[in-house]
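Heads up, the next two complexes both have subunit A, just with different partners, subunit B and then subunit C.
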Partner chain A sequence: MAEPAAHAAESFAGCRARAARTVLDQVVLPGEELLLPEQEDGEGPGGAGERPLRLNAGARPRVRVVCGPGLRRCGDRLLVTKCGRLRHKEAGGGGGSGVYWVDSQQKRYVPVKGDHVIGIVTAKSGDIFKVDVGGSEPASLSYLAFEGATKRNRPNVQIGDLIYGQFVVANKDMEPEMVCIDSCGRANGMGVIGQDGLLFKVTLGLVRKLLAPNCEILQEVGKLYPLEIVFGMNGRIWVKAKTIQQTLILANVLEACEHMTADQRKQIFSRLAES
Partner chain B sequence: MAFLDSLGGSRRDQIVSKRRDTCGRGSRRAPHPSWRLLIGYAVCTQARASGRKRQSLLHVGSPAMEESMQTETKVRPESGAESGPRSPSCTLRHFACEQNLLSRPDGSASFLQGDTSVLAGVYGPAEVKVRKEIFNKATLEVILRPKIGLPGVAEKSRERLIRNTCEAVVLGALHPRTSITVVLQVISDAGSLLACCLNAACMALVDAGVPMRALFCGVTCALDSDGTFMLDPTAKQEKEARAVLTFALDSVERKLLMSTTKGLYSDAELQQCLAAAQTASQHVFRFYRESLQRRYSKS
Partner chain C sequence: MRGEPRGGARRRTGLRMAAERKTKLSKNLLRMKFMQRGLDSETKKQLEEEEKKIISEEHWYLDLPELKEKESFIIEEQSFLLCEDLLYGRMSFRGFNPEVEKLMLQMNAKNKAEEVEDETVELDVSDEEMARRYETLVGTIGKKFAKKRDRANYEEDENGDIKPIKAKKMFLKPQD
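So, the complex of A and B:
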């Protein structure tokens, strides 16, 4: 009786705690439990009873693991809260430490401190602009947070302007706050985005893919036409080329890149280069 | 988080018995002596107990049924076509699911169970009206639109059941002062509508990337007048059935999140249906996994 019951329990849970290392780059679902490398030999919380007693139990090397988006800690357990591919980035120390996160394809942006985003100014009230960044509430932007702005010298920002800025305050309990200067007081590319150009929305996953270091899509796009492009981590892309036609082509190519394989992309780019 | 955890799972069990059962008792033919009219809290405790006992139930309670299901489920792949004339007991109709098919919502899914089809869209975490703002968690809203006409009392009641189920699994504390809106549009109703709505809502929530404690699924059971039960009944079977029971189960502990019943059934029959629903949920969750893996295979 005990044996089939145990079997049923296993098949019932379907997704018993799996070692995080073995499911890297695989799809994980909400509710799954992951085992960190340091827990693997202990066989998780379930197998605690059968674990042999160790003399050097206290002296186990502790690895530092950071939980990224899509994961949460519950006691000493690591639980998945979002669907997506599990990713891992090794830290300098090695030995299984580093960052784990879930790479999901979502459209809704949740402000994160330090992210560069494109926002639209929706209101001016006194010395603060309200900027729509696609999150659950508009971000605030002080008029002093621009390069060279002083109380006398106000920046020229109108309602409807596009702003490229960075979050300095972003947590779930407070209104997010943006700035358009870095820590040295330099614009560093941030500020109001120029008049022409096209703003379009893509999924957050695509922006992350495009912003990944040495992303080949961007290099290919750069060879096609001379262009200006701004990526916001909130899924907004602003692009400007010499003509409107070129701008539209670039926007369409970037949007289409999401669901194409590398071969398909090559074909498209070679065809565009010919025309 | 701890607050939510303690509320989740079995404490969220919600059992609704239709008023008709209590009101119509006098006029109805006297039930079999072994049947008990299960209403209100009585059902509640039953269901909770069964959640804990399910392991033993599956093997001790009904070995024959369990076996028949094991064999049948192998024959019935989710991708396959409708399995001809359905055998009386425990097959599910075939599922189909498509995700991210709408461009405007943050997450969307359409779920088909046989001829029943529901389209779901999820917006959130989005801006919330001050009136509905909750300071420490997200406001969850479920809107169920019927195929024709305006939503009535039945829709409102289902909305509430779905919302309670979603609230039990969605980690609303991670996005306080926001709103998560689930809009469900019935496309065609051919039985087991509530279960299909639950499944569509779950897939759309997953698609939107709303943080969740677990996945959930809905399973409907219908009890015949001669005591046989069937899973995932069609509209005709639902109409002929003596009792229709719908359960929502979570994917981690297979615990009951919500249950709603209509009609007369005995204590043992409830347990039997719940056990069958738990076994069936395994297949639904497997289907979820396959369909999500297919979705992420492109990236």
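So, the complex of A and C:
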């Protein structure tokens, strides 16, 4: 799979690889090649003239760069695999020039190791549950991967239950595997999500937007009613409030706020607060 | 008359055959440990060489081009968790589910763990208070460890505190 991508990049964007630094927060397309700051000198078409001469021109400094979702490493090159805006974050702990990723808009979920998702139990077979997480394949979940579960003491999980869990195995060649405990064996909020409530699907981008620290929407929503909410990185959101009416209002507000401006949101929340 | 030379010839051929047989000991036999003693150095060397040849011929290796191991400075990571500092996915507001609310604080505070830690190290009892408290205990505990004979030396003062009376032992000059 890497081969065709590499060839496509060569024929399509090989001669006009852009420096990652210059296209930050701009739209990038699949197949495009990006140049990291360390590769710019000499190779980059625009970079050669502007940059000051370096003493160690021959030896390339070894700075570690993390390429996040939407980017792929191909040998020494960095290729774009998703359409969206290129984002960058400086490295926190020093050393390394940070993280690059593509902020894309998509609805289809691809399991990623470490993601917290909401799944629906679809089958019980022997010692594993099959959980639908919205990926191409149902994930497997061992009955031992719950807090306090032993061979004798099975967790009470029925078909149709909602599970909040974490991926431990997720790659393109294997069946994804979920667990409902962390590395210390504690649940930490994972496991079967309680009764009632409403589950609905939104785009993956909206979930990330809502989960971002200092998200205004969530702070406003929290002021409306007493409520409980669970976000899965697979685009599923589960809400529960005191009454069905409130639950429905919340679900509609959350769904709608994806394409609203800050002013429009303010209006809606003030109107809801009055009623 | 005729029989004699024939017999001699027969014996001679017999000897020759024995000599031939001697040289025709199989290599495998010669390689055996108990045969090593009688071997002369030349055959020994020959055998060793042959053995080496066999080993090197049988030694097999992967017919692959040399791997060019390049240390890459780009790391792939497909999770958004690392890129965006996302909050923990379970939330509860206005006391709907107190358990989750507690958990939420705990999980979301992980990023700011270092700042929080300094605050939590706040002392329950100040050092001065501690010292004042233990000041009064010196006597009580001292009494516990004192011998019965010395216990009389501890006496209670007007506050009810027990303090040791230090009977200073001095050198008494003997009278003459």
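The working rule: the second predicted complex is superposed on the first by the 240 of 275 C-alpha atoms of A that agree within 3 Å, B and C clash if a C-alpha of one lies under 4 Å from a C-alpha of the other, contacts with A are read in each partner's own complex, and residues count from 1 in each chain.
Keep this in mind: contacts are C-beta pairs under 8 Å (C-beta built on N, C-alpha and C of every residue); 3 or more make two chains touch, one makes a residue touch a chain.
This structure is a prediction, so every number in the text was calculated from the model and none was measured.
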item	value
Which of subunit B and subunit C A:104 touches, first, second, both or neither	first
First, second, both or neither for A:218, with subunit B first and subunit C second	second
Subunit B versus subunit C as contact partner of A:159, first or second or both or neither	neither
Partner chain in contact with A:27 - subunit B first, subunit C second, else both or neither	first
First (subunit B), second (subunit C), both or neither touched by A:226	second
Partner with the higher number of touched subunit A residues, subunit C or subunit B	C
Partner chain in contact with A:64 - subunit B first, subunit C second, else both or neither	second
Partner chain in contact with A:208 - subunit B first, subunit C second, else both or neither	second
Residues on subunit A lying within both footprints (that of subunit B and that of subunit C)	72, 110
Subunit B to subunit A touching residues, read off their complex	1, 5, 55-56, 58-59, 100, 106-107, 124-128, 169, 171, 174-179, 206-209, 211-215, 250-254, 278, 282, 285-286, 288-289, 292-293, 295-296, 298-299
Touch list for subunit A against partner subunit B, complex	1, 4-5, 8-9, 11-15, 27, 29-31, 70, 72, 74, 79, 81-85, 103-108, 110, 135-137, 172-173, 205, 209, 258-259
Contact set on subunit A toward subunit C in their complex	36, 38, 62-69, 71-73, 75-76, 78, 87, 89, 99, 101, 110, 112-116, 164, 188-189, 208, 211-213, 215, 218, 221-223, 225-233, 240-242
Residue numbers on subunit C that touch subunit A, as the complex places them	70-97, 100, 103, 107, 111
